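We call the chains A, B and C, going by the order they appear; numbering starts again at 1 in every chain.
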Amino acid sequence: MSVTEIFDVRTTTRIETIDITSLVRSAIRKSGVDSGLACVFCPHTTAGLTIQENSDPKVKADLVGHLGKVVPHDGGYVSAEANSDAHIKSSIIGASMTLIVDAGKPVLGTWQALYFCEFDGPRSRRVMVRVIAG
Amino acid sequence: MSVTEIFDVRTTTRIETIDITSLVRSAIRKSGVDSGLACVFCPHTTAGLTIQENSDPKVKADLVGHLGKVVPHDGGYVSAEANSDAHIKSSIIGASMTLIVDAGKPVLGTWQALYFCEFDGPRSRRVMVRVIAG
Amino acid sequence: MSVTEIFDVRTTTRIETIDITSLVRSAIRKSGVDSGLACVFCPHTTAGLTIQENSDPKVKADLVGHLGKVVPHDGGYVSAEANSDAHIKSSIIGASMTLIVDAGKPVLGTWQALYFCEFDGPRSRRVMVRVIAG
């Protein structure tokens, strides 16, 4: 039985994506599981997790930029909290992703990296990783 | 080996989100698995599952309200079924989510709850939960 | 311990959805796992995986048609690659989905099928399936 690995992510602006691939790799390595599935989980409701291209930084800019057009900060929301856009983006992007683990590493395509998506920062965030063998 | 737990959700309007956290907790408890991963699955194509804030009901209202702006009911769709918006929202929100299970409970952040998203109700719906140990 | 099954998907236009249900079923059967969870994974950053209706082909047309309105090909993006729309759609739809496996088969609702979503084809694509018992 493995345990849940947890790491911290410090975001520095309201909206950004942070490459957490190496942190997830490290958590999977620490689990000691060689082969199975990993659940990467974001315990926050104004952030999310996604898989995106790791080379062109403009792809990241376009992702958060266009999401901001589809779900604007000032969208005439009924909640008084002024972060309804962040909650909606969190549900669209998702808080949980499942990865295949082989040889103690997550199986990713050539261009894929794992990103923490901050939609209401700056904040101190956490990411949980749980790997099960099989 | 655990079995798939199933519970019913009765929706009462066309579009709404229903807190299913306690039902999922109960299904995980019934599985008898103390530690592992849980897959929560929606077997419908005009509904979905998401994780959102559990305190401010206006966040729920903003989520379904804004999704209705991005994917309007009358969006000039080619399907004659009049529920294409519901199908599209289902693919955006997703029909499956994976949770970490520790001490017989789903690991959730302080503000997180699990929601069934009805996009074409009112209907009788089902949710499936499968937990595997590891 | 099972291995990761991989199958090929050949897309023929820029944007389309391809029913991969029978390929996923076959991969799950090959794994030899009777009961557990399956992770279906897309190792590409301009494609995704979703669950949608299997009967009315217009539902597929409306899904990709409306996504193209929400995230247009020519959306004034900063990346020069001319496929930022495909990257954004990939993050919205998701690259990974988890299914429940019972009796050697994925548990799906009556109307559900599994789709590979091509957002920047035509290309040769791959899909990975990993099943773990439990």
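Following the convention adopted for this analysis, a residue touches a chain if its C-beta (ideal position, glycine included) is under 8 Å from a C-beta of that chain, and two chains touch if they have at least 3 such contacts.
The model shown is predicted, which means the values in this text are computed figures rather than measured ones.
A.B. asks: If every chain is a node and every touching pair an edge, decide which shape results: line, ring, star, complete or other.
C.D. replies: Its topology is that of a complete graph.
A.B. asks: Taking all residue numbers at the subunit A to subunit C contact, is the shared part over half or under half, that is, same or different?
C.D. replies: Comparing the two copies, subunit A and subunit C contact each other through largely different residue numbers, since under half are shared.
A.B. asks: Using CA atom averages as chain centres, what separation in Å is found between subunit A and subunit C?
C.D. replies: 19
A.B. asks: In subunit A, which residues are in touch with two or more of the other chains?
C.D. replies: 36-37, 70, 92, 94, 97-98, 132-134, in rising order.
A.B. asks: Help me check something: in the complex, which residues belonging to subunit C touch subunit B?
C.D. replies: 35-37, 50-53, 56, 58-59, 61-63, 65-67, 69-70, 92-94, 97-100, 102, 107-112, 132-134
A.B. asks: Which bits of subunit A are touching subunit B when the two form their complex?
C.D. replies: 1-2, 4, 36-37, 39, 41-45, 70-71, 75, 77-81, 84, 87-88, 90-92, 94-98, 128, 130, 132-134
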